[in-house]
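Note that the chains take the letters A, B, C and D in the order they are written out, and that residue 1 is the start of every chain.
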Amino acid sequence: MSLHQRARILLSLLMVSSVVVSMSACVDDPDSGRADGDTIKVGVLHSLSGTMAISEVTVRDSELLAIEQVNAAGGVLGKKLEPVVEDGASDWPTFAEKAQKLISEDRVATTFGGWTSASRKAMLPVFERNKQLLWYPVQYEGLESSPYIFYTGATTNQQIVPALDYLKEKGKKTIFLVGSDYVFPRTANKIIKAYAGANGMRVIGEEYTPLGNTEYSTIVNKLGQAKPDIVFNTLNGDSNVAFFKQLRSAGFTADTMPTVSVSVAEEEVAGIGPANVAGHLVAWNYYQTTPGATNDAFVTAYRAKYGADKVTSDPMEAGYNAVKLWAAAANKAGSVEVDAVKKAAAGISLDLPEGKVTIDGENQHVYKTARIGVIQPDGQIKEVWNSGQPIKPDPYLKSYPWAAGLA
Amino acid sequence: MAPAGLAVSAVLLLVVAPLVLSPFRLDLLAKYLCYAIVAVGIALAWGRGGMLTLGQGVFFGLGGYAMGMHLKLAEAGPGKLPDFMSWSGVESLPLLWKPFANPVFTLVMVVLLPVVVAVLLGSLVFRQRVRGAYFAVLSQALAAAFVILLVGQQGLTGGTNGLTNIQHFFGLDLYDDADRRLLYLIVALVLGLAYLGVRQLAASRYGQLLVAIRDGEDRVRFLGYDPALVKTVAFAVSAALAGVAGALFVPVVGLLTPANLGVVASLELLIGVAIGGRYSLAGAVGGALLFNYAKTVFSEELPDSWLYVQGALFVVVMVWAPRGIAGLAGQLRDRWARRGPLRPVSYPAGADRPQEVST
Amino acid sequence: MGALNQLVIGASIGAVLLLAALGLTFTFGQMGVINMAHGEFIMAGAYTAYVLQPLAGGQAVLAALPVAFVVAGLLGLVLERVLIRRFYGRPLDTLLLTFGVSLILQQLARDIFGAPNVQVRAPGWLTGGVDLGGLRIPYNRIFILVLAVGCVVGISWYLARLKQGRRMRAVMQNRQLAAVSGVATERVDQLTFFVGSGLAGLAGVALTLIGPVGPTLGSAYIVDAFLVVVAGGLGQLRGAVIAAFTLGVLNSFVEFWTANGASFAKVVVFAVVIGFLQVRPQGMFVLRSRALS
Amino acid sequence: MSEALLEVRGLNVVFSGFHALTDLDFTLRRGELRFLIGPNGAGKTTLIDVITGLTRPASGSVRFDGRELVGRREHRIVRAGVGRTFQTSVVFEELSVVDNLDLAAGFRRPLPALLRRRRGVSDAVAAALDTIGLGDLADRPAGVLSHGQRQWLEIGMLVVQRPRLLLLDEPVAGMSRDERDRTGELLRTVARDHTVLVVEHDMDFLRRFASTVTVLHEGRLLCQGTVAQVQADPRVQEVYLGRAKEAA
């Protein structure tokens, strides 16, 4: 064997052993409690890199703001919260990996995190396996109720169903569905079709495009030919920018081709360009313009911390709420132990930016007020309708007869 | 690797690592080892055969989904549907899924599916002498198309979410640390077998022929061999290894999503090999471990700079160490001996020559 | 009716593809450099329009065309001078090298401009469109089509008439021969890379009209752009033109006439390219040559 | 021994409008050592390319031992018994000299047999090694060989395949006088039991080692005969001298 070959082998061996050795330096200590130190660690797990970073970084920011505020108000059980921030990197297995790290190495008391359904589905088994808690802050497709997840975003009956009620009230008869090709739009559209069938409305088209798709001329052409009363838009992220730009440049406005979107918030409006999307409808539970002293304080604090040009949006608010709700539950329970927190959380009610929010102990979702808004030329969203009172979460739509065949 | 080096590595991975690593870190190492299995195949196809495959994720995915389908079915129990199907509105088990209830069929498919696709693609493009850059671009497009296909068939594949929540693996309880350690050992053993097998292959006449084709495909053709056939075989072997790695990845990580096999994921499979040394099997294994470990470390410590680091790694390796870490010594020797009578025989000049136009 | 509409839409998709791929016919097609950072040059062009917005207001898109050409061109020139020229004859290594560069550029954009998409306002005269039967063809699509055709015409004229252009062609066809005939091949390489990258900049400006402007703008187009060049034939301008429009029309037709078409169309396009390469392994057009490895 | 081994009939090759070969008829008898000469662009290499399947003719046929070669893929033609070298020699630099020969010798091995390592040196390889006189360098990587040695190795790689027809494209181009002599000797040895067609420019080499010569000019057959006959042919003189005048 030549010297050269020997060197190759030595170097290869060096690579293998350096990985094993340096990994062995990270040892977790399963015996230490989760609130033993002077601080309580909490995990914050969002995509800070990759395609989802656009959205998730702002949620992380609002969660950190909430943690800061909780600490300023005396912390939890008299201890300060110490956020451990991890990057899910827009990659679902990475979310699972980091969740496990937060639980077994950082020994966090709870974790706030996730945005996409895929990331939640990836993390769910990790939290269930370790019997630890995840607070998930984004509206989602429902049909889930893990005992180890608290859902502070809307489920379908708090966003999509009220939006449909609103459309029905406005006399919209024909609906065209446009969505990104993943679980939320597909589930949402199933619900819409069931609702339409039971309420004298008709779905006259259903189109899905790959995530990140930016070519919408064909779909705009189909819309022009189908002439629906309303387009129900469940596109995600970048695709919204392309869709609305191309819709607008094909000569359609909110008057000639009205749409209602459930994934376009203040953040996205800025990227699309308010001029391209002004007048279109959106459905959420919170807008930056939502009235109330609590929201004014939230917006002011957020802008003071992150910049006066920043906007606040529904998922950010839901993330903020999650921290506040957990802190309240832990303080009420007098412990950060999972079972105690779960028990204490049931029925907890706080005054938060979107209004009164109450945790439903049964399915661990929250009561939320549905709000329909119209996008303004300045990029803000003006509320034109709300459900009047917080809607009880019903992730499996059990209380809706027309939804019987869905779950 | 020499027997001694091989023995040390084996002891390190099979004995030392399970003893000293925490369960969480051992899981991570198991994942890296899955990537190392892919790396062995890439070192064969790319290092020896000169086929830069930017679509290795496809084969990883085929093996992974085959295994994932079986595990999901086993999880759901006989006659029941996997969880994602019920929320996707699928009412009866799709025909495609049915045979995967059988474990033997699944194990066969883990290898056979990637091989069939590789043979199909390989015999088409290699026969037409599509190679070099063309082949790289095509294999990349294959990865892009494959992901779109998977995402688009939500009821069949779980869409973007992929297959999640896998808790058992052929009787092993994946929620149990001892069972997970056993799973780790299985992965390590498979890596060992893959390494030994490919090493044997590379040292055989076939291995020489492959290198010869890399360095002078037309010349080999005029020796009476069919380069398309030889390359297809190497491509299929590397696909099979990627498939096996994907199948092991599923229980190790507990899920598989289309993002694990797309364009970027496929490139990440390559960069480990490039860092470690594409011309050395052991280097490829080491590089895959090192790269994926670095990825974990950076995303824990400095998530914002990981892309810079990853980008810089590509640049630095290509500019200063095209033969990777394992080739550093040889590279230095060549630099010293540049004026000597020896030509740099260990760096195959022809391995990377521009697309020739032969009519 | 539908068919005619889709033909028009296909042409406009083709124009976008062509614009994204045009620069590649230079750098990939003619120099054999697989530049994965080409997408990021497109992105740089788009951000140029964004940066110019405060200065040029509503006309940023127009003002950005020449600036973006130069900005992206210079980026390409630097890349060629600093890195790629060490890699001639090693296309696969170049591919990985430039992929690294693309990651760095993407993150750089994220750090400079932020991760969220930014907004580039279209000039007033580009809003609206021409009504054609039941279809409205937006002015911005026409603008892109005109820009793409203009680039093709400009390039052909440049290659055929101008001295540098003829030198470029000479080097592309036979590097050694050109070198011994007194052509400064290094200078020609630089020029080729400058022009090829500059074209990416133009594409970036055009794309601000129809899609999102963010750090990942370019990576969305790169795979398709390479497919166009591969199908068109190495370094063949007319091949790239035909391939881009064919794939564009194919895409729009498949998308229109199949359920869930957008996903399916992409898969079909790939299958067609593979199939096509079975018939014409060197792409649509190829220089016949007697050279052997 | 005098029947035709290779029959080329009515061959036309066109490169983008340029007629490289026009209506070429050409016959090679079994056991012959034939030289093919002609000025640049005469179509010598093109003829070899057509015979070996590298170039497809516009029309015409190439029959080898009664079987049509046109339209067959390259490796099939090699398997039928036609071997060739190239102007620029290509040997596998990373492999040793023996491995290069072994690789060539094994072209009829089925794929499974290839999966074993080479153990020892087969008789055929040893004989070829002896013929080309590279026994001392057997275990060195081919990358260290000189230009001449590479050409011999290439010829060795052909011989070890036991082809029935050898096509050598300018085997002595770029060689020193010494190397040319050795190559000539090698050629004689090989020609004893093979049919050989040599494309060559070097007139000196030609005079010393050739028996029969075919002259091509602008894609057509100009004349055929012994070295003396050809040299005396006024048309050949014109073709070559005409060129010489132009050059002067």
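Following the convention adopted for this analysis, a residue touches a chain if its C-beta (ideal position, glycine included) is under 8 Å from a C-beta of that chain, and two chains touch if they have at least 3 such contacts.
In this text the structure is predicted, and so the values were computed from the model without any measurement.
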Greatest separation from chain D - chain, by CA centre: A
Top chain pair, ranked by how many C-beta pairs fall in contact: A-B
Separation of chain B from chain C, taking each centre as the mean of its C-alpha atoms, in whole Å: 31
Geometric centre distance via CA averages, chain D-chain B, whole Å: 43
Separation of chain A from chain D, taking each centre as the mean of its C-alpha atoms, in whole Å: 72
Set of chain A residues in contact with two or more other chains: 49, 181, 208, 210
Residues of chain B touching at least two other chains: 148, 151-152, 216, 218-219, 304, 307, 346, 350, 358-359
Residue list for chain D, restricted to those that touch at least two other chains: 54-55, 86, 90
Parts of chain B lying in touch with chain A, wherever the complex brings them together: 1-2, 5, 8-9, 12-13, 16-17, 20-25, 27-29, 31-32, 84, 86-89, 148, 151-152, 154, 159-162, 164-167, 175, 253-257, 259-260, 276-277, 280, 282-283, 285-287, 289-290, 293, 296, 299-300, 303-304, 306-307, 325-330, 333, 346
Contact footprint of chain C on chain B as seen in their complex: 46, 50, 52, 54, 121, 124-125, 128-130, 132-134, 136-138, 140-142, 144-145, 148-149, 151-152, 216-219, 263, 267, 270-271, 274, 304-305, 307-308, 310-315, 317-319, 322, 350, 352-359
Touch list for chain C against partner chain A, complex: 2, 5-6, 9, 12-13, 16, 107, 110, 115-122, 126-129, 134-136, 138-141, 209-214, 216, 220, 251-252, 255-256, 259-263, 266
Complex contacts: residues of chain B adjacent to chain D: 201, 203-206, 208-209, 211-212, 215-216, 218-219, 221-227, 229, 233, 341-346, 348-350, 358-359
Sites on chain D touched by chain B in the complex: 52, 54-56, 73-75, 78-79, 83-84, 86, 90-95, 99, 102-104, 106-109, 111, 113-118, 141, 143-144, 157, 161
